[in-house]
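Here chain A shows up in two complexes: once beside chain B, once beside chain C.
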Partner chain A sequence: MKHNFIDKYSSLSSLVHKIDTKIKLISFITIAIFVSFFGLSSKILVLLLLFLIFISQLAKIPVLFLLSRIFVILPFVCLISFSYFITKQNFLDVLNVVLKSYTIILSLLILIQTTKFNDLLTTLKSFKFPKFLLLILSFIYRYFFVLTDEVEKMTFAVKLKQQKKLNLKTLTKLVGVLLLRSYNRAEKINKAMILRGADRNL
Partner chain B sequence: MHIPDGFLEPKILVSTSIISLAVIFLGLKKLKNIDINRIPLMGVLASFVFVVETIAFPVIGGTSVHLEGVVLTAVLLGPFSSSLIIFCVLFLQALLFQHGGIISLGTNFFNIGIVGSFLGYYIWKIRQTKIFASFATFITTIISAVLCSFELYFSKKLVLSVGLPTMLFSHLIVGIIEAVFVYSILSFIEKISPHILKFEKI
Partner chain C sequence: MSRTIIEVKNLSYKYPDGKQALKNISFEIKEEQKVALLGANGSGKTTLLFCLVGLLDYEGTIKIFGQDVKQNAKEIRKNVGFVFENPDDQLFNLTVFDDVAYSLRQQGYKEDYIKIKVREVLEKLEILGYEERQPYHLSYGEKKKVCLATALVNSPKILILDEPTSNLDPASVREFKQMIKNIKTTQIIATHDIRFVKEVCDSVIILKNGEIFSYGDISLLENSEVLFSTRLL
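Up next, the complex of A and B:
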């Protein structure tokens, strides 16, 4: 079972990977705030985009992967371009919105794909991000892989037992089983943590 | 619907982010002195919600929907715990899958997390049955869709005559599917390990 589909390229080595995470995080936030709060024109956005593409190539992230993430915003683009079409507004505005959105996505992708997730969490910690939320975040990240394994096992088991596609009834039962299994796992983890001397100030 | 970056006007981003920050701050304050047994449960439930949200069902028109699990966590753990969990889930989704933006995280958290947790929880509290939980799920799904389209409308990106029917129709389907899911998962838990339902609701 593959486990690296989230930050696939974070273990590569390049110039961009070696930059301190703090610098990368701050520059990402600056770009994101600049793009979303100041009405930049499309020309500046294209220049920014070209610069980001250059950096992503320094970081050796494949272009196809970067392009594939534009599908995330596609439903919204369809929705607003349809309503621009009806009100006969300037279509260049849609282009501007798409450029804005994709610039932020690209800069985020560069940050995520060149940084290990644990480094990101420790950097967030040094920026006074609430400890409790960090704890939950690290829990999610760790148990995401365990639970996806569980899901894969369960769907495989169902496939072995019935030839038909999954229907809603089995699906809800599967989700219920998943919830109970994760709850049982939580209880075990809790006991293990207490045995090892965990307290509230983790 | 998770709104990506670049689609909303600054005034909406700022106003919803202030509300979201206030709720997170209050939640962290409320959960400061909780029982340590709760932390792993919250973490694993958070990763359960995260995994469930990655399982997407295809709908007509090429788009896909997924379950949210907000009301389910609110019913199991209480509104403040659930809203913190959903905040972490949304944050990670934005970070790792670019599903929703980082700058628009406050808005998305307002639409999905706060409305889902608080409204859902208090609807369920009227009469604590499975039917009310699934009813709450349906209502909150519809309300967050309406909020989402109004936010896009006030950012001058969407005409309500196009946006509202599309959003309402797609979320009607999502709401019904999710309500069925919540009902059957709750009855599953009730049958197999009812002690999960008796946690202190914070």
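Up next, the complex of A and C:
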């Protein structure tokens, strides 16, 4: 089974893909800081969003794909907006928070979808990003696919045995087995690292 | 074949739950000897391999190149290449190049030297051009070759292979077999594949329930009684 959930469009060829990873990373950080800490008006945020959408189209990232990824964070945005609405009770402020969230998420999506993950990690390393966090990021990326495969296989196995739909009890068991398998795999990876000379300082 | 390079005396190991995995194992392996470690599932093959490289806390003595494994494990591992059964346990980097270069980088070699060494080993295993590919997206056979490359890049004096032919298609098994035959080092190969053993190895250790059932040259495999009683046939 093949998966490319995280950086599906990173191997495309476009003007945005060709921009140096350092420039893209600095741009993302700048946008994130400005949007988070400066009181930008909703009009400016809308303009920034439109600009990012234009960039995403220049990078040939399908709109539907972007929407599907953006919807993943919708529950969190709704929760934050709701709490904000209760305290301030001002619709424009809530809108501002929503726009801010989506601007940051869209710029992050553009960064990830136009940069190979390995290049991104190399750039983060050159920016003196903590080694330990880089290792965790690289492991998440490397083993995300392996775990997805395992979940798929386990779900198939359950479906073959069970005629009814997956219930909570079965799901809990699946999560338990997945955790045990992950632990087992982590132990073996650790052994492989030690055998190849890894030290405690990573 | 001349000097003894692996010496195991009264090796025993218990799993953390108290179950005895290995009992009083003793054997010797000489330089450039190719030894097959045979045994049914759960007979202790992988556990024995992990003990040899000092990954488990065993009882008894293991000496490699005359050095005690418990005391000099780090130094000994520099001269031992280990290929795991499941490539996904071994290939943990994001590109093939990074995976093959990993042990050299850990030893502090310069990038120019690492590039030359990685290129050399990839060329030898006919996977040159795979440097920037992600291990996850390779076929199982290709992953196995990359695993072998990660073990060979250090020019090890001992090569340990855990189930090298499991899950491979017949063509890949033939290819892998040829590669292993061409590698001139001491080898310990844990496997169930009798045909593979007959073509590659010169001696055999057969394990049964954590103990050595039989130990000798390859002619042992002609004895079908031995193979039946150890569930190898």
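Here is the rule we go by: the second predicted complex is superposed on the first by the 177 of 202 C-alpha atoms of A that agree within 3 Å, B and C clash if a C-alpha of one lies under 4 Å from a C-alpha of the other, contacts with A are read in each partner's own complex, and residues count from 1 in each chain.
Just so we're on the same page, contacts are C-beta pairs under 8 Å (C-beta built on N, C-alpha and C of every residue); 3 or more make two chains touch, one makes a residue touch a chain.
Keep in mind that this is a model prediction, so the values were computed, not measured.
Chemist: Please determine, from the superposition on chain A, whether chain B and chain C clash or fit.
Modeler: Aligned through their shared chain, the two binders fit side by side on chain A.
Chemist: If we overlay the two complexes on their shared chain A, which of chain B and chain C does A:R196 touch? Say first, second, both or neither.
Modeler: second
Chemist: Taking the superposition as given, does A:L168 touch the first partner, chain B, the second, chain C, both, or neither?
Modeler: first
Chemist: Applying the document's definition of touch, where does A:F37 land relative to chain B and chain C: first, second, both, or neither?
Modeler: Touch status of A:F37: first partner only.
Chemist: If you stack the two complexes on chain A, which partner ends up touching A:V46: first (chain B), second (chain C), both, or neither?
Modeler: neither
Chemist: Considering only the touch criterion stated at the top, classify A:L67 as touching first (chain B), second (chain C), both, or neither.
Modeler: After superposition on chain A, A:L67 lies in contact with neither partner.
Chemist: Mind computing the angle chain B to chain A to chain C from the CA centres, in steps of 10 degrees?
Modeler: The vertex angle at chain A equals 80 degrees.
Chemist: By the touch definition at the top of the document, which applies to A:T87: first (chain B), second (chain C), both, or neither?
Modeler: first
Chemist: Which of the two partners, first being chain B and second being chain C, lies in contact with A:F139: first, second, both, or neither?
Modeler: both
Chemist: With the two structures laid over each other on chain A, which partner does A:L121 touch: chain B (first), chain C (second), both, or neither?
Modeler: In the superposition, A:L121 contacts chain C only.
Chemist: Where does A:I104 make contact in the superposed view: on chain B (first), on chain C (second), on both, or on neither?
Modeler: So A:I104 only meets chain B here.
Chemist: Tell me which partner touches more residues of chain A in the superposed arrangement, chain B or chain C.
Modeler: B
Chemist: On the overlay, how many Å separate the closest CA atoms of chain B and chain C?
Modeler: Chain B and chain C, overlaid via chain A, are at closest 6 Å apart by C-alpha.
Chemist: Do any residues of chain A touch both chain B and chain C, and if so, which are they?
Modeler: 139, 141-143, 146, 185, 189, 193-194, 198-199
Chemist: What does chain C use to touch chain A in their complex?
Modeler: Touching chain A from chain C are residues 50, 53, 55, 74, 77-78, 80, 82, 84, 86, 88-90, 92-95, 98, 102-103, 106-107, 135-137, 150.
Chemist: Which residues, counting only chain A, touch chain C once they are in their complex?
Modeler: Result: residues 2, 117-118, 121, 138-139, 141-143, 145-146, 185, 188-189, 191-199 of chain A touch chain C.
Chemist: Name, in rising order, each residue of chain A that touches chain B in their complex.
Modeler: Touching chain B from chain A are residues 6-7, 32-33, 35-37, 69, 72-73, 75-76, 79-80, 82-83, 86-87, 97-105, 108-109, 112, 130, 132-133, 135-137, 139-144, 146-148, 151, 168-169, 172-173, 175-180, 182-183, 185-187, 189-190, 193-194, 198-200, 202.
Chemist: Considering the complex alone, what residue numbers of chain B touch chain A?
Modeler: Against chain A, the touching part of chain B is residues 1, 3-8, 10, 13, 24, 28, 31, 36-37, 39-48, 50-52, 54-55, 63, 67, 84-85, 87-89, 91-92, 94-99, 101-104, 152, 157-159, 161-163, 166, 177, 180-181, 184-185, 188-189, 192-193, 196.
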